[in-house]
Amino acid sequence: MAYLIFSLSLLLIYVGLALALHIQFGMLGVANFGVVGFWGVGMYTMGIFQAQLDMSFVDALFLVLIISLAVSWLMGWLVLRLDPQATLCATIAFAAIVALLIVTEKWATLGVVGLGTIRYPFRIGDGTEYLYFGFLVAIVVGLQVLVLRLHKSPTGKLLQAIRDNEELCASLGKNTFQVKMFWFVLASVVMCLLGALSAPLNQFLTPNMIVPSVTFAVWIALVLGGKEHSLGAVIGVFVTFGIFDILIETYAPVSPEFAVVVPNMKLFLYGLLLMAVLIYRPTGLLAPTTPPEHVWGEIQKASKAAVGGVAAFSKEARDRIVQPKTAPFAEPKVQTEDGSQNDSDPTGQESKS
Amino acid sequence: MKLVASNLTKSYVGHPVLNIENASFGGRGIEGLIGPNGAGKTTLLGCLTRRIAATTGQISLVNDEEVATSLMGVQSYDVARMGLIKTNQRIQNFESLTIRDSLRMAATPPHQQGWRSVLTLPVPDEALEAEINVLLERFPFSDPNGYAMSGGEKKLLDILRCIVVKPKMLLMDEPTAGLPDEITQDVMKLVREKVDAGEMTVVIIEHDLDLIWANCSYVHFLSEGSILFEGEPDAVKKNRVVAEKYMGV
Amino acid sequence: MSFFIDSIFIGVLQASPLILAAMGFTLIYYLNGFINFGYGEGITFGAYFASLLNVSFGLSFYVSIIPAAMMTGGLSVLTYLYVFRPAIQRGVKPAELIILSVGLSFVLRYGLILFVGAENVFLDEPPIAFFTFAGTGATSLQFIALILVFTFAFNLYWLIYHTGFGEKVRGLADNPDLAQVSGIDPHRVSIYVWFIAGTAAGLAGIFQGVFALVHPLMGWNLILITVMVSIIGGVGSVRGALIAAVVAGILTAAITLITKPLYAEVALLSAFIVILWRRGPRTA
């Protein structure tokens, strides 16, 4: 049970990261491939302040906030004027620098020895983990509400306009760099703080937590769920991390010799799923304009496909992952509301294609 | 509002495409800028709106109180905020915004679309909504509540987006390209209304000379990067240089 | 003075796999305009193909170089035919192609781990002769690698800049529409280019593997620096990548001599970010 709570807490952290990435990539079009860098900065500064300098959780969190603001602002200033491919490379390099510095700066991070122990901000005996889990739920729900409101707000439209055509947007009198900077820094700081909050979960920090596969897991989740949809991040994390890491690794009855293979199998399937989605349904499971009442149907299809893919990795299974994505709204039998779609949607936001 | 350029040059890899000693646009209602292909018309407009960095020269914006502001070193969004907006020759669009959202986004002033709007979720401005409704009734989009579909709709949306921003001076880069005739006529009618009401002045780049003669009260003739002649449409029509270089007479 | 000679010498010797990888990577980047992270797996697979021939089948190391490199070229063509070409035809944009290549890289890397395991593999090295050159020790193997790198680089340069095929590649990269109108078959040219690039990756992997060891993450460790080198090298020009790869190798060696190698990497990565920033919004 304790392990399940740990996994679920980690799942929430991933949802948070994916939501922050949704703001950066899905809404603003900034391809941040250094998610683990920001996350690592938050996690390790938290660890250093608590374990090395013996600060209280709140003091440490405040300092982490200041440091992450500085780091995020610096990165924003460096990468936001670049074209998407260069941004992507620069942020990857940033994450690599963070990972390297954690290994080299032994005086602060203790290098490969590891840094510990990081305490929970409160201790109420056996219930500590549960209370902390609740705390994380509140934070992630807050983030999700922020994203949902962002989609409805004038700012959200401005962000989408910048993503679509920044130059056109500037020619209409919008200070696009300032807007990008604000939201990039905000989302990056969120990533850092989520790192800080995951430090007590891990209790003991080692450099091998700061690996690119964290970034890729978040990206895969977001792209899979639907990078431009406000619920894409949540759905994506549940489909990837929820199904693979929690359901399969924790509950699937696998023999011990097969259990070693599971993590590699998982990353292999992540890759396959990502490729299938990008080729056959680039919008992800939820297209940007999927109306709320259709979300559940898409999730059902998605989970069926994902479970099918894990259960038997065969030709048909791959086709089952792939097929629902080729025809987003084309099959009338799947979407019963299809006929009345225009009427039920006053803003007329039906699928463009 | 007037736009004044002096000694403006632009060269690409040492090859001069623009060389303007002195030019003044604006303040004469609807003005036309004509010239053969490759004369540097689009480059000139790009320099004037600070999207293209001029090689040398000075551009300034003179407001109604005769105060000149240099545009050199000013960001393109600030130029737009001063009231100078340009429509695009090639199709430019925000593909993920509906027609309404696109117009709304463009017309909303910066302080109303800051991060605070996420917390407050302000109701759309009534005057603006009314204006958008009028525009969408006046111009026939196939789905006024949806997205701009065809190239023509996108081009029309581009022009309307510039108009709802309420520029003091509107530069129109080939408004007829890609638009059906009757829509062009409607657009020009709308522009004329705004100009007659004193809301803005307009400079049009156009190959369709009939449109220029029908609408413009003053015409600049650009050839090989320089302004060779300017004046009233009748004077331009009769000018020998223009006739030789452009109209192929 | 000897510091300079040392760092240049060590740099060039160490950089030989990097130079090969950067050249191949640049070719694809040049032609298709996106960063292919799956290319890193070409490096890994090159080393594993060599170990298959060299360790499992007992062939001499030198004999297994060419077939292993060709096999990697074949793999590269397969990824183009079955992954990237369908994606490009379906209109997947460059930013998403990069993510796609990350997915491919995951599939190849963890597929490899699932099949052959994550253990380190050592290639059967041929007998090695040591000698000193300009005051620094080197092995015969390093010299062979170096000669091969220069041969490959020279041939590639000649192919791109002095043959009809190279003209087609440059035409397709500069203006795909125009090139197609003038009768160049982009499909065939792409297949050749992906084959050559894959071969370069394979060679890079084989030498990286014989210098150190073969493991499933070796390609991933090399791809980041390859990407950096190729992007700094200029707008996908083979010439630029060649120069940048040598310079990066020498720089790494120079910094390594002063401080720990990890700091050398930090310094290189920081320099990379600053260079990108200095260069501003123009397309990389």
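Letters A, B and C mark the chains in the order given here, with residues in each chain numbered from 1 onward.
Quick note on the criterion: contacts are C-beta pairs under 8 Å (C-beta built on N, C-alpha and C of every residue); 3 or more make two chains touch, one makes a residue touch a chain.
Nothing here was measured: the structure is a model prediction, and the numbers come from that model.
The pair of chains sharing the greatest count of C-beta contacts is A-C. Geometrically, the chain at the heart of the complex, using CA-atom means, is A. For the pair chain A and chain B, the distance between mean C-alpha positions equals 42 Å. Centre-to-centre spacing of chain A and chain C amounts to 31 Å, using the average Cα coordinate of each chain.
Look at where the CA atoms of chain B average out and do the same for chain C: the two points lie 48 Å apart. Of all the residues in chain A, the ones that touch chain B in their complex are 146, 149-150, 152-158, 160-161, 163-165, 167-176, 182-183, 186, 228, 288, 346-350, 352.
Those residues of chain B lying in contact with chain A across their complex are 49, 51, 75-78, 80-81, 85-86, 88, 92-98, 100-102, 104-106, 108, 110, 112-115, 117-119, 121-122, 143, 145-147, 161-162, 165. The residues of chain C lying in touch with chain A in their complex are 34-35, 83, 86-87, 90, 92, 94-96, 98-100, 102-111, 113-114, 118, 220, 224, 227-228, 231, 260, 262-263, 265-266, 269-270, 272-274, 276-277, 279-284. Residues of chain A touching chain C in their complex: 31, 78-79, 81-86, 88-90, 92-94, 96-97, 100-101, 103-104, 212, 216, 219-220, 223, 261, 264-265, 267-268, 270-275, 278-280, 282.
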